[in-house]
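The two complexes that follow have chain A in common; it is paired with chain B in the first and with chain C in the second.
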Partner chain A sequence: MNLSALEQAFDAREAGRAGQREALDALLASGLPTRKSELWKYTKAAPLAEFAIAALTDATPAADIDAARARVAQRADTFEGAGRLVFIDGVLDDTLTRLPEGVRLEATRTPVASKGADDALALINAALPGADLALQVDQDVSVNGVLHIVHALAAPSSLGQVRLAVELAPRASLTIAEHFANDGIGAGMHNTVVAVQLAEAATLHLRRLQALSAETLQVTRIEATLADNASLDTVTVDAGGKTVRNDLNVRLEGPGARVDMRGVYLGNDKQHIDNHTRVDHVARDTISREDYRGILRDRSRGVFNGKVFVHKGADGTDAAQSNPNLLLSDHAEIDTKPELEIYADDVKCAHGATVGQIDETSLFYLRSRGIDEATAIQLLTYAFCREVLTGIENDVLRIAAEQLVADQIPDFSALELIA
Partner chain B sequence: MSTSNAEVEAFVDKKYKHGWVTDIESDTFPPGLDENVIRAISARKGEPAFMLEWRLKAFETWKQMAEPEWAHVDYPKIDYQAISYFSAPKSDADKPQSLDDVDPKLLETYDKLGIPLHERARLAGVAVDAVFDSVSVTTTFRDKLAEAGVIFCSFSEAVREHPELVQKYLGSVVPRSDNYFAALNSAVFSDGSFVYIPKGVRCPMELSTYFRINELNTGQFERTLIVADEGSHVSYLEGCTAPMRDENQLHAAVVELVALEDAEIKYSTVQNWYPGDEDGKGGIYNFVTKRGDCRGDNSKISWTQVETGSAITWKYPSCILRGKNSVGEFYSVAVTNNLQQADTGTKMIHIGEGSTSTIVSKGISAGRANQSYRGLVKVLPQAKGARNFTQCDSLLIGKECGAHTFPYMEVRNASAKVEHEATTSRIADDQLFYCRQRGISEEDAVNLIVNGFCKDVFRELPMEFAVEAQALLNVSLEGAVG
Partner chain C sequence: MALLDINDLHARVAGTDILKGLSLSVNAGEVHAIMGPNGSGKSTLANVLAGRDDYEVTAGSATLDGADLLDMEPEERAHAGVFLAFQYPVEIPGVNNTYLLRAALNAVREARGEDGISAVDFMKLARQKMKAMEMDAGFLNRGVNEGFSGGEKKRNEVFQMSVLEPRLCLLDETDSGLDIDALKVVAEGVNALRSPDRAFVLVTHYQRLLDYIEPDFVHVLAGGRIIRSGDKSLALELEARGYDWVLEEAAA
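After this line comes the complex of A and B, so read on.
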């Protein structure tokens, strides 16, 4: 595709945020990734970039923004907790945002780390307008309750771009729940970059939930760096969207650091959901755990690429990764690639990936107890995902996540049975 | 290598000019590759017109292609114009005259492997005394095969004697344009083996390149084609455990297997080419394309490989499971030590209903070596009930080595079942302790554990091959521990 249109639109707007021009130049130099790029082998980057660039020329009317604000306000009780950050079309909404005690928010300029075309969407995030903020928690501060981050869109042509740095000082702890919504406006696109910095023994729980409409695009990227004994724990639920691409990259730079990554992706219709994760074990005695589960129906396509990279000297690394998938239609597709790259010898690394159907023995068990086949299949499908969701310790959040999963299982009415 | 490099340079300096015409009578063609060279190779071999045309088309394709860079290996750029693409066998006068002239290090290795004396001479390239010539053995062999109707001959002979079979199957599994090295091979291949097993015949013996009457020094661009007709069965052994003397650094072989209905091909390889010295100098580049086509229903192709040699290995023996209920298997042990690099694995393409595949890959990395398993399991929408099981384990010995796994799974059928499992670990201290405690030396203990690690693959090898492979493994890992 032609990126020169972007340059013209950019110049016309005279965009002001620092670093934007540099990001644009880097993008123009690198271009977009093609299918030949290992990181974009199964997902087309061009339609994502095209949407973002088109959005640059279409400014959203103020009335739409007001309406979006009203919709979020209406559901404010869903986002009850320690506090919330609300972004509408990538702009922080002051009226709805409430910061929890102990959390600071500052305007910042997060540098772009670009290694070429593979990072094109992150460069678009940096080049085009969007929020650029840093969220900070001081040393020894534990924030109680959940900080919700709501990404809302106002119009079908809206682009919600957020760049957020999350910085936790030593021994601080925080729970964040990111909600990606488009509140029934049809299309739209989210493109977010979150840079997580966890200092010594800091703990971050990060939950991300989305049940976007079947026309919405979503690109998210998380770059996390963990110091000594820091811990990051993520749960990602993808239950919607037309094309979804999540990149989750974690560097374990201090001894004793640990990351837990869990995810569920449920594809219906023609949805395309792509999860790329990478863990770099840089320091010794670091631990990573990963469990991503997929259910693909209709003509949907799931992509999973999980990489574990053990650097030289990262002895005592313990890495485990699992990616089971249920393929429930002959027209659905799953492309999975669990990768290991290991340059140290005192390591324990294992990964597994499976593609299959519902276990017949389990099905028989339920049938023998008088549960009809359709319900039994629904129950087992639900149970397949639920294991991942049990990692969410906040009850309200977990029930919300379970509901998202249940909603994606056609005619599923048995949730009361097991609640 | 140094002498041949000097020769190469001499040629480049003196004779290489645009528009030279190759003398087809000469023993070794000057370095360089163009249409003339290909015409000369073909003429030299007395090939029919279709063969020359095929080579030329391959050459055209090759010129348009770029050398692949995706593999996890690192080597200096190859100058394809500095290679001589044909050399006739050396006369006896040029060879070492007795075992006394052979590098003692090589002889020491033969000793450890327990290779019979008369074979050592042959392997070391010594001008073989008539008494030890294997011709007589080979003749009895050939009679027995002819009786069963099995064709087993050099590729050049097959092109002359059975052109209709060659024309029908050549390139039908690995097309000329398949990849860079396969295209190069298609253009310039020197010789190789051809096997045809007629309908319903179970080949009376294991076929081995070891007994092939063939021109020597054809290893560089070898081409193998095995066709198993309906209901037939063949087991083919390639290579041998002893390190072979070889003057070519670049090896780009192509192996094509075709299994028709109910046929079975078992292809076992032991590869132990020169891996280079401790600092990674010298050593063979082994860039091989191996692929089997399970064309008929209920057919089966099984690859078993033990890879311990070569400086760089780039090899993915694959199966196209086209027939209903066809079966593909890949069993591999790869050992890399010192500065060796290996990027190896397999592809299983499930097309036929009920096709099944099994992949068992065991990688051992020691010294400063790097090894990757790269595999693809692809299930197409029509492959109802396809089944795959993959197990790939890596064993790391030493702080400086690397072991990597890149498995791709692309599944497009809801009744398919695909499983992949991989582990990476080192030899556990408690395992070593257990053995040491029972009076087993550290080296023997390591050998025991490593052999146990590879057991699933060795079990698939023909018996005598398996015994040799174990000995080979121990030699390859010598000095890696302790």
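After this line comes the complex of A and C, so read on.
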């Protein structure tokens, strides 16, 4: 595609943020990835980039922003917790944002996540206008409750571009729930980059929930760096969207650092959901756990790519990865690929990817108890990804996640039957 | 009319004929024990009657109260009053024991034209029945059979049976893997359910279970057919002498 629109739009503006011009230049130099690019083999980058660039010249009317603000405000009750950050079309909304005690939010001159900026969509994120924000928690501060981050879109042509750094000082802890919404506006696109920096013994629980409309595009990228004994735990629920691409890259740079990555993706119709994860075991005695589960029906397609890279000297690495998938239609597809690269000794690495159907014995067991076949299949489908959701310890949030999953299972009304 | 009437039943699994002309008539109020050597078709019989897909019926009939059992889906058989206590109960993490059982009970009640049971009444009932099975009430909050020991799973089967109050109880080697204490509890659970309206078909490998659940009839199943029937003394004789003499007499 032609990237000159991007350049023209850029030139029409003021000088821009630090790194913005460089990102644009890098993007113009590299062009957009094709299917030959290993990272974008199964997901087409061009339509995503086209939408993002078109959104540049298509400013959202103020009335739509006001309406979006009103919708988020109306739902604010469901975001009850320690506080919330609200982005509408990628712009922080001061009127709805409430920072919890112990959390600071600042504009930063340092470009967020320059590490991931070799990727086209991350470059677009860095080249387009918008502020770099840093969310900070001081050392030894444990923030109680959940900090919600709401990514809302105002119009079908809206682009929600967010660049956020999350920085936890030593021994700080925080729980974040990101909600990607489009409130029934039909289409739109999210393109978010979150850079996580966890200092020594800091803990971040990150939950990401989305049930976007079938027309919405979503690209998210997390670049996380963990120091000694720091801990990151993520649960990602993808229940909607037309094309979804999530990159989750974690560097375990300090001994004793640990990451737990869990995800559920549910594809219906022609949805396309792509999860790319990468863990770099840089320091010794680091642990990674990964469990992503997919349920694909109709003509939907799932992509899972899980890379584990054990660096030289990262002895005592303990990595386990699992990616079971349920294919519920002959036309659904999953491309799953574990990748291990190991340059250290004394390493434990386990991985397993499976693709299967509903377990016949379990189905017979439920039916023999009088449960009709359709309900039994729904129950087993739900139960399949249930284990991932139990990783969300906050009840309100877990129930919200369970509901997202249940809503994606056609005619499923037996939510009370779950454990 | 017999409650369960099986006539010349033939069934196969994975292309191999297992049942080869089995006939059996069970009246309400009776307990029938099906014994026999390994591979004789005992479990196949229980699974075919419950409607498991893997088994293909190639000839013969089975009726429950005169209705064609083999024409029903597994859930319809459950609604009609058939219950299979599994030899290997399945673990289903993510599906809650309590809610499964309540849904099962309501499905059965609905089929009988009765109203559904409220959550409160159900919990009362479940607690009372669990106590009889010496089960920890904490099981109710767990996934179906999730993390249960072999013995706990078998108790759970009989517990479910006691809640659902089926008309025809099929027990597929419910005694296997049980220590003597658990066996007594399971047997007491079964005995408490004995009634003039209900029948039991116990598939078992060992006579031991029959010390605690006294059968009205004992049948020896071998080569896919019942080759000998008798009263409970037949089980004792099998225990003492093994199966060879029955097989030889049948062959003669």
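Keep this in mind: the second predicted complex is superposed on the first by the 405 of 419 C-alpha atoms of A that agree within 3 Å, B and C clash if a C-alpha of one lies under 4 Å from a C-alpha of the other, contacts with A are read in each partner's own complex, and residues count from 1 in each chain.
We adopt the following convention: a residue touches a chain if its C-beta (ideal position, glycine included) is under 8 Å from a C-beta of that chain, and two chains touch if they have at least 3 such contacts.
These numbers come from a predicted model, not from an experiment.
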item	value
Clash or fit (per the criteria above) of chain B with chain C on chain A	fit
Once both complexes are placed on the shared chain, angle at chain A toward chain B and chain C, C-alpha, multiple of 10 degrees	80
First, second, both or neither for A:46, with chain B first and chain C second	neither
First (chain B), second (chain C), both or neither touched by A:361	second
Touched partner set for A:335, first chain B, second chain C, both or neither	first
Which of chain B and chain C A:384 touches, first, second, both or neither	second
First, second, both or neither for A:3, with chain B first and chain C second	neither
Shortest CA-CA distance in Å separating chain B from chain C in the superposed model	15
Chain A-facing residues of chain C, complex	50-54, 73-75, 77-79, 83-84, 86, 89-90, 92-97, 99-101, 103-104, 107-108, 111, 141-144, 146, 160, 164
Contact set on chain A toward chain C in their complex	359-362, 364-373, 375-376, 379-380, 382-384, 386-387, 414, 416-419
In the complex with chain B, residue positions of chain A that touch it	38, 312, 325, 327-357
Residues on chain B engaged by chain A in the complex (per definition of touch)	70, 379, 381, 394, 396-426
